[in-house]
Every structure is written in structure tokens, then in C-alpha cells.
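Each in C-alpha cells, the structures are laid out below.
In the two complexes that follow, chain A is the common piece, with chain B as its partner first and chain C second.
Take a look at the complex of A and B:
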């Protein structure tokens, strides 16, 4: 039986409030807050990127797993904000963790589902016996164009998962994918900001793929929504995960433990993986968890995890996600945020 | 800005805090040395530095050297790590008013510098409040 042997989260300390962004663009903050169910989002400092957050989240996963990093045979970082266009994030992450040189790596990219695709591959390499431990990270420092609706949500964070065959804290019950060619959100080469299809990102994109993957995995396993203690869906805004959950038959109570987006924003590749870390922080042995990611372009990965008694032994070995989210925050004004995110054009 | 090869040579120390511990007298050399300055021994065992410590002193750099101009003002400190080694690094994520001798810190992986928009990115450790 294969599954999760360690997990870790990382969230930068800086935040910006919806009001602060709305003020600059003359937008109506209350309607954004109500419409998107967002209050604030995390902001990476200038010395943080997908690689630095991936390293910190992975170190926490290794701490919880209690393994020797040299036994990690594969490192996959999923992100749409890899710092280099050419040169893998995974090499830096694996080197910082001490997993090199006997280690596979390549970076994953699939809008917001690159992290869960990495999880699927790392988990299945472990199941196939090709590697003893596989590490997958979902991390992003995504940018929305100034003034665009995405600017209120695009945030930063990372979640890391170590997969193995023994000493599991959650075992894999099932996994499946639901993927089509759907151009709802994209960024062309050399473009700084992404573009999206507005309302087209809803029904034919987010909802169709999450519902497709969730229904597939439920029919495959014969499980029903009430069988699950928790469910986590991709969180591009506050409303979508609750709405898709309701459409599938999940209650607010099952979703809210892993629902971080109102205070975190959309961490893209880190979104549902970070939600799962918050659930693992709270879950009890034998709990079933449904996880469904969504990446524009478009596709969803679904996983069902069953929590083991080991969770009680390891969860306190690294910081809990809610503590990172609610802990020592520093609020930025738009000017500092624009500097942090390199939105200010300087002389060459 | 360090060349890619200089940055590459420092990876074991910058990324993983790899040090050398003298097999005779126990002196910890960071970065590693060929000869122990305490006893002249030439044999070292690889050790990893502790990732937590206490700030011994600090300063705020307001006029930064080349390559760090955009970061100024920033704090630099020396901390005594849990294993007794004294280490110099930037202190990130800490308001200057909160800097004080005795502050508990831990090491976090951060970007140290980058060679413009097209060059290599140098990563390494910084202190952050524990």
C-alpha cells in the first residue's frame, strides 16, 4: 500500500487586503469581497520564489516523514511560476534537501494542477517500485495583471508531499484524472501576465472538470459524499469550492477545514495541496478525504486518502497550516506590494 | 554578482550548511577547511550546522554594496547557532524595531541575489525570527 509519509506547508508572511487593491483601481471592495469571498492574500517578499517556498515546505514534509533525504528518488515541483524558463526548479530543491545525485527530476507545468500531477507521478513511481520515496511540490508566486480580477486572488504558497510504501500517515484509496483541451486561462511565452476567458472559466472549465473527476472517482470506488470526513477542491476564489461541493453533495462542514482561500488567496499549484495540509493537520485516523484539483487548459486530478493512526505522531513535528496562515502577518500597502511583485518599471 | 561557477562551488554551504568537524579536537569549520586552525589536524568529518540560533549582534545596511541596492535597507546579523557555531547572514522578515540581541532565529532558504533579469539566481540561507 502506498501513500503519504510526510507533508509540509509554507506561506509567506506578507499579506495585502482586498480593500488596498480596490482602492488603487477605483473598484468596489465590498462587492469583490462578497462576490469572490476573499479578504486578503499572501504576497511573496522579493527574496522568495517558487523554489525557496518549495524547499521550506519540503523540509517540513521530510521532518514529518523522519526519513533520510538521500532516499528520495524523485523530486517534482509543479508550478506556473518557475523562476527559470530553462533550468529546473527541481534541481535546486533536490540539492537543498540533500537528495542529489541519485534522484529524478523535471518540472511540471499545468496552470493550477501542476502540483497534483506531480503528486500522481511521484505516488505512482513509488507504487511501481521505481523509487523508495517520491517528493511532489505544488508551489506558485502567481501574478494577476494590475486591475484585473485575478489581482485580488493570485497569491503565493507551497505544499509538499512525500510518498512511500511504509509508515504512511494517509494511504491512497484511489486516483483518477479528467482532462480536455479547454482554453479558459493561459499565458503565452514571454508574456508577464496571464489572460482568461472571464465567465468561461466557470461552467465549461472549473465545474465541468472537477465534477467529472469527482464523479469518476466516486463511481470507481463506490463511495458517496457522506462517507468522507473532508473534501478539498481547487480554490480560485472563495465561492467556487463551496458551490462545486454543493453540486456534488458535499456539505460546508466537510469543505471548510481545507478552505483557506479567504485569507490566503489562490496559490495556484499550491491551492488544493495546501488545503489538504490543513485537513491532515486536523484529521483523525480512518477519516476519508476527497481531493480534487483543477488546472486551466484544462484538467482535474482526484485523489481519495484514508488517514492512518500515524498522523497523530507526526503532525506536530512541523508547523500547522492554519498557524502559518493566521500567525505573524505583515500587511502591505499597494506601493510596497507593487515593488515586491516587480510591477514598477525601473531604469535599466 | 558572483559568477555561476563561484555560486556553484558554494552550494553545499549555502544550501545545506555543510561544515567540517575536526576528528581530533572537534572544531567545526564553516566553510570547511583543509587544516584545523586549533590543532593542525587534516581530517574532518562532514556535519550539518544547526538551523536555529540566537542573535548576538546586528546592523542595518542602508547604503548597500553593488547588487543589493534594491534590497536596502536590510538587516545583517551574527547568530550563535544551537551547535555553537557563529554565522553571519541577512535577517529577513523582521521589522527593524523588533531586532534585538537575544532574538531567537532560524535559517530559511531564500534568494540571495540575482544577476539581473537574465542571469543566474543565487540561493542560500537567511535568518528569520523563530
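Take a look at the complex of A and C:
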């Protein structure tokens, strides 16, 4: 039986409020707060990127797993904001963790679902017996063009998962993937900011794929929404995960434990993986968890996890996600935020 | 001149039709109209479309659409008068039949607006304003209608709530129209709390961006009895122009082109405005419907807001306005709107409007408008 042996979260401490962004652009803050259920988002510091956040989250996952990093046979980093266009993030992460050189690494990119792609592959390599432990990270310092609706949500964070066959804190019940060619959101080479298809990102993109993957995995396992203690869906804004949950038959109560987006923003590749860390922080043994990611382009990965008694032993070995989200925050004004996010052009 | 009748109408569901192209959206509604009329030939086609070039990069629509409808080599013309393109297409089709140039004419309207971003759509629509005096200075249609609303509120005491009541009424009607883009009821409170677009207009004061088409089949009235559906006579047609630039108008609160077009159409029909049993008008923004009511003479100048609040224009009121849901709820694929108004008029006069049927309707008026009233087209329909 394969599953999760360790998990870790990382969220930068800087935040910016929706009102602060709306003030600069003359936009209607209440409509973002009410319409998209967003209040504030995390902002990476100037010296933070996908690699540094991946290392932070992975160290916490290793701590909870209590394993020797040299036994990690695969390191996968999923992100749409890899610091280098050419040169992997994974090598730096693996080196920093002490997992090199007997290790396979790859960077994944699939808009907001690159993190769960890495999870899908690492978990299946472990199941196949190709590696003893596999590490997958979803991390992003996501970009939204100044003034674009995305600027209110694009945030930063990372979640890391270690997969193995023994000492599981959550076992895999099922996985599946659902994808089509649907161009709802993209960034071409040399473009700084992504573009999106506005309302097209809703029904034919986010909802179609999450529902497709969720229905597949439910019919495959014969499980029904009431069987689950928790569900976590990709969180591009506050409203979508509740709406898709409602469409599938999940209650607000099942979703809200992993629902971080109102205070965190959309961490893209880190979004549903970070939500899962918050659920594992709270879950009881034998709880079933449904997780469905979404990546534009477009596709969803679905996972069903069953929590084991070991969760009680390892949970407190690293910081809990809600504590990272709620504690020790530093609020930025737009000027500092623009500098941190390199939105200001300086002389060469 | 021959009398002209509508013997078939067609309209498929409107909305964000991402899975369909302009040509398929058009052909779908045109086939419905041909089927409704039960005709096996057409002599000519006229298509209203405002800006397929900017919306989907496609011009030369007459030939494209006659080809895809399987009707080439019939003559086909594309007609443009901004958001009144559909109404003008109907008038051109009417003239072809009335003059004897053609017997069976298909009049269609189409717009595919959601293949571009909101900004690009706003730009495309903005080309209906005066580029030199308005567009270059940053004015968009929401901004122009917002100025008209502010002027109307200032001059006549029209209130924010009265504007909202136009949207609420049209959504009430639209909730009974399964082909509408937004067949849902809304409340005054929802309008007042919706996102601000251009003060005082909020998003629920504005008609949406829509993909859609509509089509009607015309023939000489004397032939109408040969077809399977009860014919509806186009008793009057009127068209008028005005300055495109709002700043050149004598009065920001008055739609002179609508007044003149309506006067001509009613005179041709030998009717008065109060003889009409319903009205399909161009409520691109809530303030527009109030100003159109005044220009048509349904109420005295400045009294439109109050009349809406008193229920004059509700489905069960004295003068039902926009039983279809109007542009607000039904959607506003700009080139199709004027033709869709005719589709609704015909359905009402045939008694086929279902839960939104105006009881005993025998005569109705449609008013389609370009820009801020730079053009207006009015038609009067009568049951035969």
C-alpha cells in the first residue's frame, strides 16, 4: 500500500489586502471581496522564489516523515514560475535537501496543476517499486498583470509531499486524471504576464475538468460525497471551490477546512496541495479526503486519501498550515509590493 | 408598394456560445426560420451584423452565410447601422419584398462577440460612437449612457431605483424566455449592489455581451395565406438618423431619431402609439429604455422613470415593454438584436409567447437603436 509519509507547507509572511490593490487601480474592492471571496494574498519576499519555498516545504515534509533524505529516489517540482527557463528547479531543491546524487528529478509545468502532476508521478513510481521514497512539490510565485483581475489572487506558497510504502500517514485509495485541450489561460515564451479567457475560464474549463475528474474517481471507487470527511478543490478564488463542491454534492463544511484562498490567494501549483496540508493538520484516522486539482490548458488530477493513525504522531513535528497563514503577517503597501514582485522597471 | 408579411421566425438559445462559430450560430437560427415558414426557396437574403471584422476577423458575410446556409447563388447583402443593424436589415428586406424585387426574403441578424476579450469587445462596440469627438477621448458606451442617465436624473429627478426597476422588470419577463442568455429574476437591491461600471450605471443596468442570431422570412402579404404559419403583417417601417456624437445633440435626454422613426412607422401603419399592445425596445442600458419610452410618446418627456416605477410597462401593465426580456435579460448580440425583436413581435402576435404572452396582442412595435441614438429603426407589426 502506497501513500503519504510526510507533508509540509510554506507560506511567505508578507501579505497585501484586496483594498490596497483596488485603491491603486480605482477598482471596486467590495466586489472582489464579495464576488470572488478574496480578502488578502501572500507575497514572496524579493529573495524568495519557487526553489526556496520548495526547499522550506520539503524540509518540513522530511521532518514529519522522519526519513533519511538520501533515500529519496525522485524529486519533482511543479510550478509555472520556475526561476530558470533553462536549468531545473529540482536539482537545486534535491541538492539542498541532501537527496543527490542517486535521485531522479524533473520540473513539471501545467498551469495550476503542476504540483499534483508531480504527486501523481512520484506516488506511482513508489507504487511501481522504482523508488523507495518520492518527493513532489507544488510551488509558485504566481504572476498577475498589474490591474488585471488576477492581481487580486496570484500569490505565493508551496506544499511538499513525500510518498512511500510504509509508515503512511495517509494511504492512497485511488487516483485519476482528466484532461482536454482547452486554452483558457496561457503565457507564451518571453511574455512576462499570463493571459486568460475571462469567463471562458469558468464553465468549459475549471468546472468541466474538476467535475470530470471527480466523477471519474467517485464512480471508480463507488464512493459518494457523504463518505468523505473533507474535500479540497483547486482554489483560483474563494467562490469556485464551494460552487464546484456544491455541484458535486459536497457541503461547505467538508470544504472549508482546506479552503485557504480568502487569506492566502491562489498559489497556483501550490493551491490544492496546500489545502490538503491544512486538512491533514486537522484530520482524524480513517477520514477519507477527496482532492481535485485544476490546471489551465486544461486538466484535473484527482486523489482519494484515507488518513491513518500515524497522522497523530507526525502532525506536530512541523508548523501547521493555518498557523503559517494566520500568524506573524507583515502587510505591504502597493509600492513595496510592486518592488517585491519586480513590477517596477529599473535602469539596466 | 406591396404589403409585406412575416411567415417564419427562428432563434436558437443565446449566450456565450464558445463551442460555435459565427457561421454556425447564424445558420442554426436561419434554418429554424426556414422550417417555421415551410418555404423551399428564398429569392434573397439580408443580414444585419455590426462588427464581424473586429469580433471574429470575418467580413464578406452575405456570401459566406448564403453559402453556409446552402443558398448560394441567391443575392445576399450585409447591412450595418451599429446596434440597429438587425432592424435595418429587416427594413431592407421589407423594401425588397414591397418593391417587387423579391418574393421570399430571409432577413437575419448575427453577432459573435465572445471570441475576444472584454476590452476588445468594448473597443469594437465603441466604433459605433464618433471616433474623433468621442472615441479618441476615451468614451465608451457605458460612459456615454452614464452621462445620459446623469443628465436625465438632473433634469427630471429620475432616481437610481427607477433605473434599477427597468432591469428588474426585464429580467422578470426574461425569466419566462428559455432562449434568453440570463433567464433569471433579479431584485432592485441586487442591481444597486452590483459592480459599478460607469457611475451611476452598474453592471446590472447594462445589457450583456452575447453570441446569437435571429432570422425571419418575409413574403408579400397576399402570398402569406399559402404558408403553414399565420402571417404577421409589417404595417409600418420607419428609420431616422441623428448626430452620432452625443455632444452635438441639442438635448442629452432626448432620442430624436427614435421619435422620428416611430412617427413615420406609425403614420405608415395608420396607427397611434397607444394602439400598440406591446413594445420591444432597445434597452442596451436601463436609462435607454426610459428615454425610448419618452421618445415613442408612451409617457411625457421626463416621466419615464416614474412610469416604470408605477408598473406602466410591466407585462400586465398598460404598455408592456420588452416582454421578451429585452436586451438586458435576453442578451444583446448587436447585429441580431433588431431581428430578434421582430421574432418576439411575431411570436406575440401569433399567440406563441407562452408564459410571457401579452394577452390579446394584435399589434406591436419594435424599436432598434444604433449607438446613443445616432440611428433608430421602428417597425409596426399587426396580426393578419
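Couple of notes before you dig in:
The criterion applied here is as follows: the second predicted complex is superposed on the first by the 348 of 348 C-alpha atoms of A that agree within 3 Å, B and C clash if a C-alpha of one lies under 4 Å from a C-alpha of the other, contacts with A are read in each partner's own complex, and residues count from 1 in each chain.
Simple rule for what comes next: a residue touches a chain if its C-beta (ideal position, glycine included) is under 8 Å from a C-beta of that chain, and two chains touch if they have at least 3 such contacts.
Everything quoted here is computed from the prediction, not taken from an experiment.
Partners chain B and chain C fit side by side in the overlay (superposition on chain A).
More residues of chain A lie in touch with B than with the remaining chain of the pair chain B and chain C. After overlaying the two complexes on the shared chain, residue contacts for A:52 are found with chain B alone; chain C is out of touch.
In the superposition on chain A, A:13 makes contact with chain B only, not with chain C. Once the two complexes are overlaid on the shared chain, A:129 sits clear of chain B and of chain C alike. In the superposed model, A:204 lies in contact with chain C only, and not with chain B.
Look at A:101: by the touch rule set out above, it reaches neither chain B nor chain C.
In the superposition on chain A, A:31 makes contact with chain C only, while chain B stays out of contact range. When the two structures are aligned on the shared chain, A:92 is found in touch with chain B, with no touch to chain C.
Once both structures are overlaid on their shared chain A, chain B and chain C have a minimum Cα-Cα separation of 32 Å.
Comparing the two complexes, no residue of chain A contacts chain B in one case and chain C in the other. Chain B meets chain A in the complex at residues 11, 15-16, 70-71, 92-93, 95, 108-112, 121, 123, 126, 129.
By the touch rule above, chain A contacts chain B in their complex via residues 13, 45-49, 51-52, 55-56, 59, 83-84, 92, 95-96, 98, 328, 330. If you check the complex, the residues on chain C that touch chain A are 16, 18-19, 114, 117-118, 194-196. On chain A, the positions that touch chain C within their shared complex are 28, 31, 35, 197-200, 204.
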